[in-house]
Every structure is written in structure tokens, then in C-alpha cells.
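One chain, chain A, links the two complexes that follow: it is found with chain B in the first and with chain C in the second.
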Partner chain A sequence: MRSRPGWALAVHVLLLMAALVMVVPLVWIVLTAFKERNEVFSQIPQWLPAHPTFKNFLGVLDAMPFWRYYWNTIVVAFGILAIQVVTITLAAYAFARMQFWGRDVLFVLLLVQLMIAPQSTVIQNYITVTRLGLLDTKLAIMAPYLASAFGTFLLRQTFKGIPKELEEAAALDGCGTLRFLLHVAIPLALPGYLAFGLVSLTFHWNEFFWPLVVTETTGSRTLTLGLGIFAQTAEGSADWTMLMAMTLMVIAVPLGAFLLFQRRFINSFMQSGLGG
Partner chain B sequence: MKRMAWVVVAVLLLAAPAWAGTTIKFYYPVHLTGPLVKEVEAIVAEFHKVHPEINVEPVWGGTYPENMQKTVAAIQAGSPPDVAIHLAVDLVTLRDMDAVIPLDDYVQRDGGSEKVLGDFIPAFVSDLRAEGKVWALPFQRSTPILYINKELFRKAGLDPGKPPTTWEELLATAQKATARNPQGQVTTWGLTIPDDIWLLMCFIYQNGGRTSSPDFKKVYLGEPEAIGAVQFWADMANKHKVMPRHRTFPQGVQDFAAGNTAMLIHSTGNLRFVNDSAKFEWATAFLPKNKKQAVPIGGAGFYIFKKAPKEKQNAAWEFAKFATSPEMQARWNIGSGYIATRKSAFDLPIMKEYTAKLPQALVARDQLPYGLPEMSTHDNWKMRNIFVTTFQEILDEKYTPADGMKKAQTEIEAVLAPFQK
Partner chain C sequence: MSSQPGRIGKARRRWAQVLRPYCYILPTFLFLILFTHWPILRTFYVSFFKWNMASPKMEFVGLANYAQAWKAPLFWQVLGNNLLFAAGTLPLTLAIALVLALLINQKIRGLALYRALLFYPTMIPMAAAAMIWLWILTPNYGLLNYYGKWLGLPDVHWLGHSTLALWALVLVGVWKRVGYYMVIYLAGLQVIPEHLHEAARIEGAGAWQRFWRVTFPLVSPTTFFVGVMAVIDAFQAIDQVYLMTGGGPGNATNLFIFYIYQNAFRFFDFGYGSAISAILFLILLGLTLLVFRTLHRKVHYA
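Up next, the complex of A and B:
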């Protein structure tokens, strides 16, 4: 079956079509970003901008402290991930390998947390952050996410897959728990970390409502809030050309990172599928 | 640690800029896009020139509901802003939380009601009153108006100089202007109205109906006038098929700008967008009347918060007064399309120049004598949610207008039950 050329062709056509579905919006973003405002609403959609212009990009830079927002976003998204990696590693190891009273109950409680919609805790979190004196800081955006139930769960599964014998052998050679984690468990769980990192980064790169509520000044506001200036329009129309220009600039970093590490990302998912 | 604190104090003192006086925190929403954030910041900058002793920190809070959630969170954490722009219909919620102060003392101090409030367009102040007091200064106000695509009118053999003035004419015009292809699919809609209850209120009022009581405790959705209004609307969408069932506010105005609909009932706040985007001749008109001419008023006002110390409240009052002055209102109107809230703003040279170039803008103001306060109750967002969901289900023919409206009435009565005393 598999060797038949017709079959391969069909698969490729199908994949190409799927790829097209993914790529077309991206291409549309790029083209719209260079259009004049009134070209967007022509009755027959125009693919190519009639008079390509950089006006939208300059407009975005003029409308907000763009680079400051970019820096804040990088600090927040990567900062969260860096701390999460520490907290989820230790928690996952404890849940996967250590014996202690109430472990399974605690683990179930942790999983329950996955089901709570973040929106429902906004006001409580806001009050906590205010009492900690963190209001309007980057740390305030990060605070609720420094531990991650999803990450802990994901890693626990991965750690459970590591043979016990490996740890015992390491222990015989005089390797303590932390060293075992650092030199054996973490490298083996790398695909899991990559998958989690991708999810965490995209989520926090895109987050809107919590940063909106908890920050007030340029020093702590993130890119999504800048985007919101063009997009949050309950009463009127969004400013599409500016919005697309800014979207292009905002996704440049995650998109670039993905293209750069594409092969590794894909491999990581395939391996985590096998190893799970 | 102590030394550290002194260093901080010293640095702060050295860095203290010219204002050194009062700093107030100001939350504001922007319901329309991009440039308006700049417009608000420009108003703040102008204010600093006149009042160097006050420093206003503007904080963009998203759309109206988002900004309101931000304020509510801040109130509950005990750190509300000093001054904020919220909807007129949020007045009940803010008062239920005991978060804002009435402005009557300031009005008296500055020379009395006639002097301070007399120049505001009366309809804009009326919905900011409760229990005989004034709770906010009107800002960012709008009403629905009828937008007309003149080219599509001509194409359909209609006179673009004669917009429909009654419900019957509205339907007849929409029927003529709706274009279909040989398969019977609509290619141009005769009329588009976003399926939002703010716009439904137009029809209820025009049908001689009422929506909510002045004490915010009752609604009247089960009354025949309200049901009749929904019936007329639903028939246009489902029976006559001259307008789409569902459109959001952004979709509605984009459809109009793209020339996909001959008429649009939408906020005046989009005048600037339509003017910037439409490549055809367009006009505006009063909403058609039925039993009477009527239009609900939307928009917001400057609220001053109770928890702010007296000096900050004073500063907030100065700022609110400045931002609603005729000059700033004229500027805001030109920049956004929202109606200036001051009568005298329309006599200023910049405003005369603007309305000469864009006479469509005057229609919104001239329609204001027919303005009525927007529907508003305790627990307002919950009430709205029930109403709009049921309304959309009626349009989907899940309920008849009579059944649906009665159901909404019952559900909202349950929400309002705790407030009945």
C-alpha cells in the first residue's frame, strides 16, 4: 500500500492543503500590513497592496512605547518560564519519585487546579498582588504563574518513565537527588521541557486580561496591551492595517524562534510521544 | 534598610518634577481604535499646561467592560483610581459599591447648577443623575443614527435625499435596496443593524415602550410595545429577509464601509471611521419613527471616587471640568466622532469648520432632543447579558418575540429580586 506513488501523492496534496490553511492568514497579515487603510474594505478583496506603504509600521511606533513593551513582554514571558522550570522540576520529581504522606491527594488537588478558569481568580489575585505591594510591576503579571499544574503533570509523567534502576545505579555511584536531576533526569526529559516551554511562552506572550488589570504604566505593560489599542473595539471597527503591522512585529520573535528550532520542536514531540 | 529608605526619599525629592502637588490616577476606556488613546493623552497634556500643580496619570483600561472590571478589582482591593471614565449605565453598580461621590457640592461651590451644568446638552446629564444628585460629568457620548450609502440608493432607484422617516418607509426602502443574485442569495443588504440591545432600545422607545424604571429596580420587557418592537425587527430579518440576523458592531460598520449594505443603524462614534474608510458618497439621518421619534443615549462620564483624599478629589474635579470644557469637547468630537457634550462647543471656529466639511456630524446633535436614557438596572451587566442572549435566540427563531421577551422579563426579575425593598 505505502509504496504506491499514488498514495504518496494523495498524502502530499492533503498536507499541502492543510499547510495552505495555516499559511494563508499569515500571508494575509503580511500583505494587509503594507496596505492603505481604505484598501481593506474593497468589495472584491485585493491580495496585493496597490500602494505598498510603511506608514502602518511607523504609526505603530508612534502610537506607543513599542520597544519598551517588547522588552517587558520578553522579561515577563521568559521570566515566567525560567522560574516555572525550577518549580515544576522539583514538584514533578517529588510527585513522581518520593514517598510522603498525602502525596496522591495533593497531586489530585494540583490537577483540580487545571480546571479552574483563570478569569474566576482575577479579583482574588489582584487583591493578593496589591497586598504584596506588587501592583503595576512585571512581577505582578508573573506572580500567579510561577508554579504550573500543567507543567508539573507533564514532567511527572516523563520522570515516571525513567527507569528506577537508573536512579539506583546513580545513587550507588554516590549521586545525590539534585545531581541526579541535573545530570540524568533533566537531559532525559528534554522533549517534555521543550513542549512545555512552547506552550508556556505562547500563552504568556499572548495574555491580555491579567496584564491589563494589574498594570498601569509603560514600565510594566506588555505588547498585547499595545495591540489592544488597535483591536479592542466593541463599538467600532478595528484599525486593521495598523493592527496587522503590529501583529507582524509582535509575532516576529516567537515565529523566528519557531523557524529556528523547528526541527528540534518537531523531534521533541515525536520523542515525547514515544517516551510517554 | 533605613539608610536605603532615606536614599529613596532623597532621590524622589530630587526627581520631583515641577508639579510636586497632587497626583491623580485616571482610568479610561477607549471603545474605538488607536488614535483615541493619543487624543486622551493630548487632553491630559493640555490640562498639565493649565494646571501645573496637578499631575494626571492616565491609564488605558481596555474597552468599557474591561475598564469597569479593572476598577471593580481595584475597589475591592481598596485602591480605586481617583477619577475614571465609566458608562452612564455603570452608575448603579458604582453606587451599589458605594465607590463614587455625588458632584453637587462642587457644582454649588463653582457657582451653581446653571453655571456649571447649563451648557451641557441636557440629555447627556439626565442619565448621570440619581436620587436628585449628579454623579458624573458627561464624556464620550453617542447615539445611534442612520447611515445611508447614497450610491446604493441611486442604484436601487431610490432618492438618496429622502431617507426613510417611519418604520414602514424603513422596511419599504430596505426591500427595494436589497439586491439578490439569480439564485436568490442576497448580494447587498437593504439594512444592517448590529443585534445589540442598545439598538433594540431605539425600536422599543419608538414604539412607545419603556425599558427600565428610574429607580433601576424594574424592567418592562414583557409589555406589548417592547414585544412589538422585537417583532418588527425579527420580521425584517426573518420574514422579509432585508437584513442579516446577526452582526456585531465592528462587522456592521465594516460591511457599510465595504458597500455591502445600503443602510446601517449604528453609533455616531463611527463617523470618523466611515469618513476615513468609505469610498462612496454617504449621508446620515435621524432614526425613523413609529409611534414617536426617539433614540437612546449611550456613553460615559467622569466619576470621582469616594476613597480618594479630599485634595485628590478636588484635583479630579478640576480635571473632569477641563476635559468636558467646550474647547476639549470640540477637539474630542473632531478626533473621534463622539458628540461634544457642550452646546457652546458647536459655536467654536474649529467645530464650525469641521461641521461645514462633514455636515453628517450635525445630524447626531440635532437628534438629541429625542434622546432618552439607556436601559439600566442594578446588576446591570447580568441583566444585559440575559436580555441580549434571549434577543439573539428570538432572531434565531428559538422563541417567538412574545415568548422570548416574557422569558427575559422573568429571568431579569429574578436577578433584580434582591434589590426590591
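Up next, the complex of A and C:
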């Protein structure tokens, strides 16, 4: 649209208002996290902390095995991604470049994963995990996600686009499937891997319900669970400043990564929409 | 005769060729069958059995679990809550996401920053969003009540109120997800060819007409996708229920997954829990088809 200055100003004002609605809650909790415990109990909200303090953050580290939760979250999120990369690469290669009996039916069976709500099978998955002896382990949190229809779908598109001649030429040079994958297909699909990786990491870093169901002790619990549990203890529910400090500690890394690479993240999530 | 080993080798190689693709998809299908296909079938199977703390041995009871749901007022209340939650979330999400995407898609300097500011709630856990809004919605000291009073509204205990609590959850859901759907809409808008807008402009169509005649029909596949996703989202909502209201007050915010969670993991009734899981599964399937059919006529596949 060829814009008149008035229109441009109106668009800015409208978007600024929307952005404020999104950002004000974040600003409010950041400021709360630096306040003294009793400072927040005032009828008139004080935006700026009177005596900015780090006490709340240190208090969180005392009140719970925060770094343990952090480590568990890292292991779960990156562990899932590492295994997914292997499973989706192999499956995507087969579906994109090989002929085999039952291929189309199997592909539809794969896409079923995109259509069903994982929450509706939570009871049965809990039973399965229990029978496998995985209850209350990090592997239990990871197990249902080790195959990914979305990731396979995304990579299959890219692998399909690689010219047949390229693979034949590689084969003539004595290059087997594995080497073709490593030297040609995977490098060409790197943007797809990146998009998938960012979406997967974000999703599993943030997950709450499934880990809640299958974990029982701090040895396997993740950050979001630590936050949820803390919020329901007497200490956490009475102390807004400490709760907001912990919330901030939970979101800091994903948010920081997003601020640094926002275009990458947004494009990745865009693709997740087109894939589904 | 000398060719015998060679022939065996060739046959073996041919078999290897046939089996190779299946080996490649094996890891994926192993996990897929174990954690996607099998649980769907098994959920339906278990739903015909009595299986709880009182009778830890599975006992076939036919449709008794479904009858129990049919007769339970709470089941209907949960269903009603969730439909209301979806009905509140869906139009708000669609409208706000589309309007924001249209605004950001304008060729005006400096709009890229807004995209990030509107999108960031997608990046944070729902558990964290729940904590943020718990604090903002809290009575007496909460930010929302303060500015509400400023506008002359009474002090409201949002999450303790029998009707407002559900709408507070709608608010949190929209806040958390609208940026994501906006980005999906942006992707949809960006593939609409510029010359169509030009043509409409030359024909003398105003901005309003251009939106309804060109943009809206062409972006309808995205609307379809966002619509289905928002409904499925609404029926999957659990983190905020668990952390913000615990299904209360009373059962005013008890949504489907929370109801399943209560029955299976607090009352340890796997039979009944499986029956309501199966019902949820069918509802989601039905809703997806329904949204598809209503929007299908208006969907324009470019």
C-alpha cells in the first residue's frame, strides 16, 4: 500500500498499543522480581523497586535444587532433539527418495501423529512408560517425542527437491546412501534442520503436563515443574517477589535466545505452521 | 555351479535392497507405534473395562464407563466449560491475529520490531505465563485490579469468580498464542501476489472492499488452519488450569484434560479416565471435521 503519513502513524499507534499489552506484563514481573518482599503489598502499585535487590534470585537457589532442574531440562530438550534428528533424517530419506511397498499408507500412518492431540493418550502413555520401567526418569519425559511426523514431513520436502542426477553421480563415485546423506542431503537441508530444532527445543523446554505426570522426584523434574511446584508451596504462594524471580530465571534463556535470533525463530515457527 | 555363491550373494543383495527402506523408517515407526498408534487403540479398549483402585484387575463392563460419563453432571459441566473456552478463544484469536498481521504487513518503516514484541509469549512456557498472570490478576495488589479501579471498576477476584475465572483463562490463552497465529497469518499474507491488489485498486476498490474481496478469500486456507489449531489448543489447555485455578472455583474452570488428569492420576480410575479420553479424541476429530466443512466452502486454494 502506498502509504500516506497519516496512515503510517495510525498503524504505528495501533501496533504500539498491542505491543504494550504484550510487553507490560513482562516488564511488571521483571520489576517485581527486584523488589523487597513486602513492597508489593501496596494498594497503589509502585512500578520501580524502592531498593533494588538480588535477594529473591538467591532465595530461589536456596529454596530448591534449581540447577538440578536446569540440567534436567537441558538433557531432556537436547536429548529429544538429538534422537529426533536421527529418526527424522532416516525416515524422511526413505519417504522422499525410495520406492517401497506400502509407502503411501505408512506415510499417512505417520501423519496421524500430527492429527491427534497427545494429551488424549496421556493415560496409556503413562502405563506404557511405567511398564517399561521408565517412570520418574528423564527418558520417560523424552519417550513419546522421539519420532516426529512434523520433522519428517519438513525434511522430506527438502530431500525430494534434490535432483536425482546428483545422487546418481554420487553413487558412481562410490558414494553410498550414508555418505550421500552426510555430504549432500543433510548440508542442503540445514535450514530445515535449524527450523525444526528451534521449534522442538522451545516446545520441550516449555512443556509442563507430560513431565508432571511421569516424574515424582527432583532427579527427573524439569524447570517448568520446579516453577509449578514452588508456586504451590506455602513459601512460593505467599512471596510474589521470589515467585516472579523464579519465573524470570525460567524464561531468561529462551527469551534471550529469541531476542538475539528473533528472525530465525519467527521464520522457524512460520514453517511449523505451513508444515501442519 | 561356480556361480552358486554369486547367485546367493545377488539374491541377498536384492533382499537387502527391498528391506533397506523399511530399516530406515524402523526407528520412527517403533516410537510411533509405541507412543501414538498403540495408545489410541488401547485407550478405546481400556474404556470398556472397570479398572481402578477398587478393582485393580481389569474387568469388562461394556459401555458402563460411558454411561457413567453420560449420567455425571460434572462431565457435562466440563464439556460446557471447554466449549465456552473454545468459543471465547477462537474468534478472539482469529480476529486479533489477522488484524495484527494485516497491520504488520503494511509497507511502512520500523514495523519489524513489533513482530518480535507480539511474538515473544510463544517462546515462554505456559507455566511461566500462568505465574505472570496469576500475579497480575491477584486481588488487592494485582496490576489489573489497580487500573480497573482507576476506570471505576470494582476490585475483582478474577480467578475466584465463578464466571470470570474462565474468561481470565481465555485472556491468558489469547495473550500467549495470538503472536504465533499472527506469524502464521503473515506467512499466508505474503504469498498473495501484489498484482491482485493492484488490479483491485485500478478497478476502484477501496481498502475495505479490497480486504473482503481479495485478501480475506485468499488467506482463507490460513484461517482454516488457525481455526482448527485454536480449537484443538482450547481442548488441550491444562497447564494454566492446573497452575492458576485448579479447576475451580467449584468446577467453573475444570476443562477436559484436567478432568482426565483428576480421574486417572488423583482418583486412579483408569477405566473411566480412558472413556473420557476416548470421548475427547472423538470430539477433537469431530470438531476438526466440522471446522473444515464450515470453512471449506470459503476456502480458496490458490
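Brief remarks on what is shown
Please note the rule applied: the second predicted complex is superposed on the first by the 200 of 276 C-alpha atoms of A that agree within 3 Å, B and C clash if a C-alpha of one lies under 4 Å from a C-alpha of the other, contacts with A are read in each partner's own complex, and residues count from 1 in each chain.
The rule is short, and it goes like this: a contact is a pair of C-beta atoms (placed from the backbone, for glycine too) under 8 Å apart; a residue touches a chain by one contact, two chains touch by 3 or more.
Small disclaimer: the values here were computed from a predicted structure and weren't measured.
Look at A:F78: by the touch rule set out above, it reaches neither chain B nor chain C. Contacts of A:T217 after superposition on the shared chain: chain B is touched, whereas chain C is not. By the touch criterion defined above, A:T152 reaches chain C but does not reach chain B. In the superposition on chain A, A:F66 makes contact with neither chain B nor chain C.
Here chain B and chain C are compared by how many residues of chain A each touches, and C touches more.
By the document's definition of touching, neither partner reaches A:F261: not chain B, not chain C.
Contacts of A:M242 after superposition: chain B is touched, whereas chain C is not reached. In the superposition on chain A, contact is made by A:A8 with chain C only, not with chain B. Of the two partner chains placed by superposition, chain B and chain C are both touched by A:F209. Residues 40-43, 122-123, 126-127, 209, 212-213, 225, 228, 231-232 of chain A contact both chain B in one complex and chain C in the other. Listed in rising order, the residues of chain C touching chain A in the complex are 18, 20-22, 24-25, 27-32, 34-40, 42-43, 46, 96, 100, 103-104, 106-111, 114-128, 131-136, 138, 140-141, 143, 146, 175, 179-180, 183-184, 186-187, 197, 207, 222, 225, 229, 232, 235-236, 238-239, 242-243, 257, 260-261, 264-265, 270, 273-274, 277, 280-281, 284-285, 288. Interface of chain A with chain B (complex): residues 37-38, 40-43, 59, 63-64, 122-123, 126-127, 130-131, 135, 209, 212-213, 216-217, 225, 228-239, 242. Chain B contributes residues 25, 30-35, 37-38, 57, 59-66, 69-70, 72-74, 76-79, 142, 249-250, 253-254, 257-260, 267, 269-270, 273, 276-279 to its touches with chain A in the complex.
Those residues of chain A that touch chain C in the shared complex are 1, 3, 7-8, 11-12, 14-16, 18-19, 21-26, 28-29, 32, 40-45, 86-88, 90-91, 93-95, 98-100, 103, 106, 109-110, 112-113, 115-117, 119-128, 143-144, 146-147, 149, 152, 177, 202, 205-209, 212-213, 223-225, 227-228, 231-232, 240, 243-244, 246-247, 250-251, 254-255, 258-259, 262, 265-266, 269-270, 273-274, 276.
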